[in-house]
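Heads up, the next two complexes both have subunit A, just with different partners, subunit B and then subunit C.
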Partner chain A sequence: MNRRRQAATAWLFLSPAVIFFVLLFFLPIGNQLLTGLYDADGVNFVGLDNFTRALGDPEVVHSFLITLGYAAGTLVVGTAVGLGLAVILNQAIPGRTLFRSVLLIPYLTSVSIIGLLWRNILDPQVGILNRLLDQFGLPGQTWLSTHPLATIVGITVWSSAGYTMVLFLAGLQGIPGLYYEAARIDGAGPWRRFFSITLPLLTPTTLFVSIIGLISTLQQFALPYIVTGGGPGNATSLYAHRLFLVAFNDNDFGYASALSVLLLLVVLVLSLVQLKIGDRADAAH
Partner chain B sequence: MPPTSSLLRDSSIDRDRLFPGDRLAAYALLVILALVTVVPLLYMIVLALQSDAEVLSGDPVLWPADPQWGNFTRLFDAAPFGRFFLNSFVMAGAITIAHLVFDPLIGYVFAKMEFPGKRIAFVAVLSTLMVPFFVRMLPIYAIFSNLGWIDSYQGLIVPFLMDAYGIFLMRQFIRPLPNELIEAARVDGASEFGIYLRVILPQLKPALAVLSLFTFVFQWNEFLWPLIATSRTEMRTLPIGLTLFNQEYFTQWNLTAAGALILFLPTALFFVITQKFLVEGITLSGLK
Partner chain C sequence: MPALSSLDRRSFLRLGLGVTVLGAVGTGCAPATPKSGSTDSRTFTIYWNAGHAYKAYQQVIDQFGKDHDLVMNWQKFQWPDLTTKLTADFRSGNVPDLVEEVSAGTGTQYGLDRNVLALDDLAKADPGFGFPDDFITAAVSARQYEGKTYSIPLHLTANGLLFYNKGMLSAAGFDQPPATWEEFLEVAKATTKDKVSGTSLNSDFSYSAPFYNQQNVAFSNVSAKQFLEPAAAARVALQYMQDLVFTHKVSPAPVATTDYSGPQKLFSAQRAAMFLSGPWDIGPIRQGSPDIDLGLTVPLTGTTQSASMAGGGLMIPAKAKDPKLSWELITRLAAVQTELAASKEAGMSMPRKSWAADPSVASDPAMGVIAKALAIVAKQDVGLSASGKAAQINELYKKAYQQIIIQHAPVEATLADFRKQAGAAL
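Our next item is the complex of A and B:
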């Protein structure tokens, strides 16, 4: 079979993908880059006005800052919990497969279920959590009105800890057991082994987990949308929620496109950093 | 510490055994965290079986006095849940079938065929992984509005017909298959598509099972696009219908929980079927 025929066959097989990715990825992205340069009606060219407007828009700046806070909280707590779970479940503990699977259930569960479930559990009137606290003589909390963002962070960690754990488990299994044997012989205790072997050798995994976590928290929409609707006030109106409101409440597609292009730029930079880290990790092995 | 002294203490090699307390503490922590994970989901069952009076009362209900199994049927009278379920099923099912048709074929091309432009095409496909859904959502919404595809099945399905994850996953499974298989089939006079269909595809059964289960569950749970692409009640999917129902009938948490359990059903099934491959499956699709 000659090369030209093979190339023709390959492109024939690829044609559904070419059509799909061009029509539903590359043209829309190009369209976003252009629409961001137009006004709300998409008629008048306004140059970079939408972008400069975003930088001076208190609601957008607010949404970006709380998204950073949400991301930081989720990353710090989520990484610690996921790593802890992975370290424990990397040992020969009976039932470890079952534990690993059970901890993954929330990750596979619809955000509708997670959002509604926690809204019910945390409800000051009908919620079971305050009723349980009351049974133990502890004061109830108005979780979602006093600490809305921290509560959203908590729910996010609850739902993603299992996934983070799996990524760390994969990283842990790449560490040669020999290192631990040697450290044991040298008399290093469990904590010393963790800080001198596990943690440094997990650096590429930790960076990977942090960056994909950051990318997904920057795009978080559904959870606060369901649990708080962005409130109280706009305390949990994250960047993606603001973008959604600009597009579908204000019907300002030009401005919304500019906001989505800014999101694309941030995610792109983070993805490239992640690729670099991946390359370096590959080179180290 | 000099190595000799630690070697003399024979047990230091298996030091963990000296501290059963540590292991016990780790185990206790694990049980607590697993309970924190599972108990809220189990509570959903308690909530779904409560009577209206129990839901509204101020007392904690650990198990309803008279489990209201009728809540599951009442739900279908209160909102068109049958239709929501059907819509979700059609959407997730069609997208899963599309992935099974396209992902392995495209993956095969990238794994085993040589042709000019291959590298650029592959990088282009992979680069789509970096694009937040929000970036393509607005233009697709605008185009679909013009096409009259809002509130339609094709509108729900078309943006997700294939994706770079699925293609990459299939490529990873196909690459290790021996080239001799393909060469032998070619010598026997099989067509290129025949080779793919009869030689490659049968080797991929476990991979296709993992791909279809993951695709189905994630599309079944999808929230953002169905929220935007539908506005008529009868075109809502289950995740959207459930949250809207909850906003409309705020106090009926028992019915909301019953609906949540119905929404959870495919996930539970998926879980039972894939428990063994779950961790590996996520590692493969998540890390690569």
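Our next item is the complex of A and C:
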């Protein structure tokens, strides 16, 4: 097969995906970009005004900063929890298949159900948790009011830990046992084996987990919307919630489109940075 | 074709990851593509509040479907979701046939945007319906702007009624419910013990309206670009509410949520002795906790005695398939017989004069209390709805209210911040 034919074959196989993404993703993104150049009514061309306005909008800046905090918290804690669970359940412990399945259930559950579930658990007045604490004579919690963002991070980590665990399990099972055997013979203890073999060889998995996690956390909307409605005040009004309010509350689709394009750019830049860091880490090992 | 010939495995993987990332990001950034069910001409779609899906309305809607050989698609939402869906529908042009309006003024806002119809001509052509003569003036005028009416009142209620547990008040030594703010605080303190709170404030900002109305505070004066004025009186109202939670500790701090039923649930669980709300909470309490000796009385008196007007209406989207058919359903849903049936079922109060005059209503003690509250509802500023900025400004007030009541933010500074932002939004 000559090169020209090889390339043609490649494009033939790629074409369904390319057509799919062009029609369903790139065209809408282009449409968003265009809409972002117009005013609220979509009539008057305002150029980059909507984009520059976003940079000076305190509500947008606030929502962006707390979204970064939410994403960082979720990624760090979520990755650590998922990796920890994977390492534990990669051992030959009784009932590990059951544990793996149970841990995956929250990820398979709709975010609406998860939101309602936790709202009913954590409600300080009528929630199940405080009733349980009360049964044991313990003081009630008010986390949804005192630490709302951390609570949302906790719920997200809980719901995604099973998925992260499965990814890390797959990565762990791809590491040849030979490496550990050699390290043992050289006298390396469990921590040394973990930090010198497991973690470096899990770099591609960690990279995948962090990129996909970052994308989903920066776009998070439903969970805080259902659990706290973005409150109290605007403590859990993440960027996507602010975008939603601008579109559906303020009826300003031009500005909302600009905000969504800015989000796209931020996610792209952060993803590229992660890829670069991942490439370097990969090369170092 | 050197570029193509270099498509090795690494390039494919890079391209794949890039496309995946863009695709994943794009999923979140792509515009919503709303789906509405009213494309089929034999399907009649109604958007309704989930809390108002009474059997009385179900029967009317079912009969309407039979009479016209229509498939009735009665969709029920929480208020914020109904608003979101409707906005998306108006944007796409694929709209329902009839919509329950969130509150007086929403129809005006949509009407001025030409998304819902002015209904005056349909009402004039149908004198048997009795609009506007048989409707209480306040409910009608709150839906009118520059001589046009954009929705027909469905419910007319007053927020600020005092719900109280007669047994708890009696046990604390009170034979009568409180009538003033001072008495309310006194009773709340006396009934707060162990796991019972004297009262329970709502996380929904609209429940603060009776409090500031009772200090003669107007939420908005759009022509003067002022909000929550006079400022000193607004501060007194919000400070009183904040003190109930943090200083006197007679109310738990509410939880930020889109659900406004928290205080009713606490009251029904006999963990709150009193709370302020509207007629919509009578049904859940009577049905869910029949053992509670429920007391219901008129709104409190601060500087003045006042309630806030509540209750939604019915509006027809401008692009509805057959506005005359939609109007016919309005006339059935807002008929006095339907109103009486819904009142009997759920305790909801209604806007028709003939409903108020009906013996079953006139002799009902709860309805008597509601009627007194309706007589003292504070006037609404229709200019705010007409400005098209009501939702945006309400969101700003929601933030300020939750900061004060839940997060214990300083009242004066928070209100000043709200006024500044609301003024800028106008």
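Everything that follows uses one rule, which is that the second predicted complex is superposed on the first by the 239 of 285 C-alpha atoms of A that agree within 3 Å, B and C clash if a C-alpha of one lies under 4 Å from a C-alpha of the other, contacts with A are read in each partner's own complex, and residues count from 1 in each chain.
Quick note on the criterion: a residue touches a chain if its C-beta (ideal position, glycine included) is under 8 Å from a C-beta of that chain, and two chains touch if they have at least 3 such contacts.
The structure presented is a predicted model; accordingly, all values stated were derived computationally and were not measured.
Engineer: Does subunit B (first) or subunit C (second) touch A:163, or do both, or does neither?
Structural biologist: After superposing on A, A:163 lies in contact with subunit B but is clear of subunit C.
Engineer: Applying the touch criterion given at the start, work out whether A:11 contacts subunit B, subunit C, both or neither, answering first, second, both or neither.
Structural biologist: It touches subunit B and subunit C both.
Engineer: Under the stated touch criterion, which partner chain does A:251 make contact with: subunit B (first), subunit C (second), both, or neither?
Structural biologist: second
Engineer: Which partner chains sit in contact with A:235 here, subunit B, subunit C, both or neither? Use first/second/both/neither.
Structural biologist: second
Engineer: Touching A:80 in the superposition: subunit B (first), subunit C (second), both, neither?
Structural biologist: In the superposition, A:80 touches no partner, neither subunit B nor subunit C.
Engineer: State whether subunit B or subunit C is in contact with more residues of subunit A in the superposed arrangement.
Structural biologist: B
Engineer: Which positions of subunit A sit in both the subunit B and the subunit C interface?
Structural biologist: In subunit A, positions 3, 6-7, 10-11, 14, 17, 21, 24-26, 28-29, 31-32, 35, 125-126, 212, 219, 226, 240, 247-248, 253, 257, 260-261, 263-264, 267-268, 271 sit in both the subunit B and subunit C interfaces.
Engineer: Can you tell me which positions in subunit A touch subunit B when the two form their complex?
Structural biologist: 1, 3, 6-7, 9-11, 13-14, 16-18, 20-21, 24-29, 31-32, 35, 81, 84-85, 88-89, 91, 93, 97, 99-113, 115-118, 120-121, 125-126, 128, 131-132, 135, 158, 161-163, 166-167, 169-170, 181, 184-187, 189-190, 208, 212, 218-219, 221-222, 226, 240, 243, 247-248, 253, 256-257, 260-261, 263-264, 267-268, 271
Engineer: Along subunit A, where are the residues that touch subunit C in the complex?
Structural biologist: 3-4, 6-7, 10-11, 14, 17, 21, 24-26, 28-29, 31-32, 35, 119, 123-126, 134, 142, 144-145, 148, 211-212, 215-216, 219, 225-236, 240, 244-245, 247-251, 253, 257, 260-261, 263-264, 267-268, 271, 275
Engineer: With touch defined as at the start, can you tell me which subunit C residues reach subunit A in the complex?
Structural biologist: Those in contact with subunit A are residues 1, 4-5, 7, 12, 15, 17, 19, 21-31, 80, 83-84, 87-88, 91, 113, 195, 200, 203, 252-253, 255-258, 262, 265-266, 269, 271, 388, 391-392, 395, 398-400, 402-403, 406-407, 409.
Engineer: Using the touch definition up top, name the residues of subunit B that touch subunit A in the complex.
Structural biologist: 1, 3, 6-7, 12-16, 19, 22-23, 26-27, 29-30, 33-34, 36-38, 40-41, 43-44, 47, 55-56, 58-60, 102, 105-106, 108-109, 113-118, 121, 124-125, 128-140, 142-143, 158-159, 161-162, 167, 186, 192-193, 196, 217, 220-221, 223-224, 228, 238-240, 242-243, 246, 251, 253, 256-257, 260, 263-264, 267, 270-271, 275, 278-279, 282-283, 286-287
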